[in-house]
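Several structures are given next for inspection.
One chain, subunit A, appears in both complexes that follow, with subunit B as partner in the first and subunit C in the second.
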Partner chain A sequence: MSNSKVNFSSETKGDWIIWTISGSVDMTTAAETEKKGREIVENNSKVALDMSQLEYISSAGLRVLLILTQMAEDEEKEFAICGAKGDVKDVLEDSGMDVLLNLNDSLSDVVGG
Partner chain B sequence: MKLNFNMNMNIRQRMLIIIMSITSIVLIISTIISFFAMYDGKKQVRRVGDEIIQKSTESSSKILSEQKISELLHIAEDKSEDVNSSLLYLMRDVDLIADAMTNIYTHPDKFFPRILEDYNKISVQYDSSIKDQSFTTDMGMMANLQNMLYNFNETNPMVDLMVLSSKDGVTIGTRNKNSNRSRSNEDESKIYNVLSVDWYKKAVSERKIIFSDVRNFVFSGKPGFFCAEPYFNGNNEIMGVAAAQISLERINKMVQEVELYNTGFCFIMDNHGRVILSSDDDVYSEDNPSEVGISLKRDVRDLENKELAEAAEKMMAGEKGIVKVKIDGATHYLAFAPVEITGWSFATAIEEKEVNEPIKENNEIIEEVTNSNIEELSDRLKFTIIFTIILMILVYIATVYANRKLSDYFVRPIYQLSDDVREIASGNFDKKIEIHTGDEIEHLAAVFNAMTDELKRYMENLTKITAEKERSAAELNVAKNIQLSMLPNNFDFKRKDFEIFASMEAAKSVGGDFYDFYLIDKTHLVITIADVSGKGVPAALFMATSKTILKNFVLTMRNPDDFAAVMTCSNQQLCQNNKAMMFVTVFMGMLDLRTGEFFFVNGGHNPPLIYQNNQFNYLKLNKACVLGIKKNFSFTQQKTVLNDGDIIFLYTDGVTEAMNLNHEQYNEKRLQDFLNQSSKNIPLEELLKEVKKDVKKHAGEAEQSDDITMLALRFNKI
Partner chain C sequence: MILNEWKNYPASIDSFSTILDDILSAAQDAEMANRLKNKLRLGIEEAVVNIINYAYKSEGEIFIKTSADTDYFYIELVDFGTPFNPINNSDPRANDKSDVKYLKPGGKGILLIKKIFVSISYSYDLFQGKSANHLILKFKKNV
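Moving on to the complex of A and B:
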């Protein structure tokens, strides 16, 4: 169970809040992730999502990313997705998310340093 | 329920067994102890009884034997006295007659010679040396006492006859009362040489009253003796002798009358050690074989029996006493006392064994008494033992009863508890267990009550949750029904130029996968596979919408080159009012069944596998976006050509992303490898089953988290 579970952490760096998701976001953890993401985007104007520790994301997870991106656009906030790799990166690219989302190779590209 | 019952029984039985065991052991031990004590008591009583028998026998026997022996002596004393008295009485008679004669001769002037009046009463005898003158004178003087002699003879039973004998040899005497001789007998001897007779000579020589030795009388031949006393004249010259003849049979009865014991007897020994009378013998017996039998010829002191000889010596010495001697081989107690006048000795004897006989008797009596006492004591002990046994049994029964009551007392609350718990278990959570025994059971009841409260709360929660779950389950059911009803399930187009098969296995939490296939005309087959993001009813509805829109646009298509436009238009439709950010990934293809040309458009879906040139490879897809998000996205179409037997294999990420417990995905590589190593000629239905089996094999115990959807199309070029 612990393997399929998702873990969140956040830290502030300059203007940015860095939100780190580790584990996997699938149909069972999507709701939890969406709730946490909405909370963070609501309270912060510059959110950097660090996905470097994310092992898996399903279509349900992709939807969460779309929802949060849409939400940030509506509120004129920044929601940058950073550091996806491996399977996660493949899923994002195969489903054409690079067109829809603000994808970045690494966290430092967004928040600097 | 049954188990509960058994457990109660067990507690009760265990208590019963433990208490009964302890009670039994205590009872058995106390029974053994009391039995041992009683047995020991009985033994002790027996021992004491035996001791009493021994001690009392010893002391009482001693008293008894002493008594008997002293009685023996008393008898000897009494009898010797009797004999002595009788002889004294006789002596007095003789003395009176002698005194009377002395008086006559002292005063001859006062007495005249008289004649004998009755010859039947008085006889006359004379010595052969008699002178006639003296005969007349003496007889005349003696005749004065004729009546006195007769009277004395008559009145003294001891006397055979009374006699007067003068110094000149004249003798007158009473006739023997019991004599068999007839007085008319002419043969009666008139001669009696009295002057040479023992008693006359002894009386004259001793000049006083004497007793002669016992001997057989001259005339009668009977054994007897004389008592004789001389009489005198004025000058103190002996004028004659007065005498009485006593036969032993006269005093025999004094011996015979003595009452002695069975073995007892008595005898008189004279001053010469001769036994002259015996209670065992006839007066006239001679040469009796007994050592103390009558014999005038034998001196007991001369016997070989030294003990008896010694005793005789003492008797002759006039002693009185008791000795233990052997007589005729048997040990006797011999008591003796002197007859002083004659120097005789009166003896009584009894066998030692008879002396001891009362001892034996006494022993028997004492033993009998003691034994009967012991018997009684034993009976009482027996009674006590029976009583003890009954008491033990009663105690045992009482213990069993009390134990039953006690265990009931302990077990009853447990029964109540189990009844109450049963009621609670049947659903009455408002039931409160009321047990106030103040012990562990009450504590247990309190715990049960607390548990019941918890259970009640939990049940209420559960009811709420269950209701919610039911709602969502119902929702999922709706979703599932929508999903399934949208999928075509008739794979048989009755055509030889292609073969198609598809399957979808929905996950528990219903995703939004769908597939679709249809002929738009006789030569064009369209296949679609799609995956809607999200789950539940919204996903299902979005799926339905997507499927409908896609099919509608396909059916309005006039040219294969418009295939990409179908996708673009569908996307625009789906983007409208999509606040929820639902999206769908779609792969759509169209096969020209005449040429094998395969047109396809991708909308962010996983790349399908295509079997061409005997190998499965992933199709290279143009970059594209999912449908429903970006309204102005333009999709592009691609084209490949299938040959006879080539296969298109479409799937959703439920296949490649199926995870096992170690969180490992099935992945694209494995899918490709599996398809390559499987047979390509088998029906597609079989192929899909094989793939699904391999996916399941990979997932193992892990729960299916997403729909597994596959579609395969084989082109058979005609």
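Moving on to the complex of A and C:
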């Protein structure tokens, strides 16, 4: 009944890698999301996370976003979070995380149209 | 209706999907507005994750019951673990040493629970003859 799966895909655009997450990042999928995210941040200097297809995020997912943001900062890389909407955007705002993360309305604002 | 009587689940991550589906089914039976499903899902996850991760040092159980009236859906959660009142405390993860670098997200779960539910009542009292954490979460089912 509840969709508790997460899917990843990635593509490059210019000097950015676009990492797309769809489905849910909850307590059951946060670990695999963190693992994948660490791998992507480690291997790329400019990462745009496309969240426009993400349906659900919980505090377990917020924690992953903060870890990856911190990791990118430590390594002087860019980690831009793009396109959160609906329930996902509400959670980012309700938790106050919107001020801690590099949030962008749309992917094209970051990587260009 | 599912969960109109107490049902127990192992307090482990493997039970989480079942717990979530059972409570969401009960909410659907109680005619919760479908667009509130993710909001309720989040509230359930944040409340249940604290019990699964922090209530017990080893194996334990969570007891769950739901009910509804015209405007509200109620979730009752009981565990026999360490006494923990989420209303007066920050998220226990804030004290998790492995998380020192990321203290900030630690408190988010409790913050979200407080935003999602109309009220949260906590008591530490007897359940089936043993001292237990008893949480009642009140959710507005149509906004």
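Convention: the second predicted complex is superposed on the first by the 111 of 113 C-alpha atoms of A that agree within 3 Å, B and C clash if a C-alpha of one lies under 4 Å from a C-alpha of the other, contacts with A are read in each partner's own complex, and residues count from 1 in each chain.
The rule we apply is simple: a residue touches a chain if its C-beta (ideal position, glycine included) is under 8 Å from a C-beta of that chain, and two chains touch if they have at least 3 such contacts.
Here the structure is a predicted model, which is why all the values come from computation and not from measurement.
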*asked:* Looking at the superposed three-chain arrangement on subunit A, would you call subunit B and subunit C a clash or a fit?
replied: clash
*asked:* So in the superposed three-chain picture, is A:66 touching just subunit B, just subunit C, both, or none of them (first/second/both/neither)?
replied: both
*Which of the two partners, first being subunit B and second being subunit C, lies in contact with A:99: first, second, both, or neither?*
first
_Which partner chains sit in contact with A:26 here, subunit B, subunit C, both or neither? Use first/second/both/neither._
both
_subunit C clash site on subunit B (candidates 21-29, 435-443, 525-533 or 561-569)_ = 525-533
*Can you pull the subunit A residues that subunit B and subunit C both touch?*
4, 26-28, 55-56, 58-60, 62-63, 66-67, 70, 87, 91, 94-97, 100
*Residues of subunit A that touch subunit C when the two form their complex*: 1-2, 4, 26-28, 55-56, 58-60, 62-63, 66-67, 70, 87, 90-91, 94-97, 100
*Going by the contact rule at the top, pick out the subunit B residues touching subunit A in the complex.*
507, 509, 511, 531-535, 580-583, 585, 603-607, 621, 623-626, 629-630, 633, 653, 657, 659, 662-663, 665, 705-706
_Going by the contact rule set out above, which residues of subunit C touch subunit A in the complex?_
13, 16-17, 20-21, 24-25, 38-39, 41-42, 45-46, 49, 52, 91, 101-102, 104-106, 108-109, 111-112, 115
*asked:* Can you tell me which positions in subunit A touch subunit B when the two form their complex?
replied: 3-4, 24, 26-28, 30, 55-56, 58-60, 62-63, 66-67, 70, 87, 91, 93-100
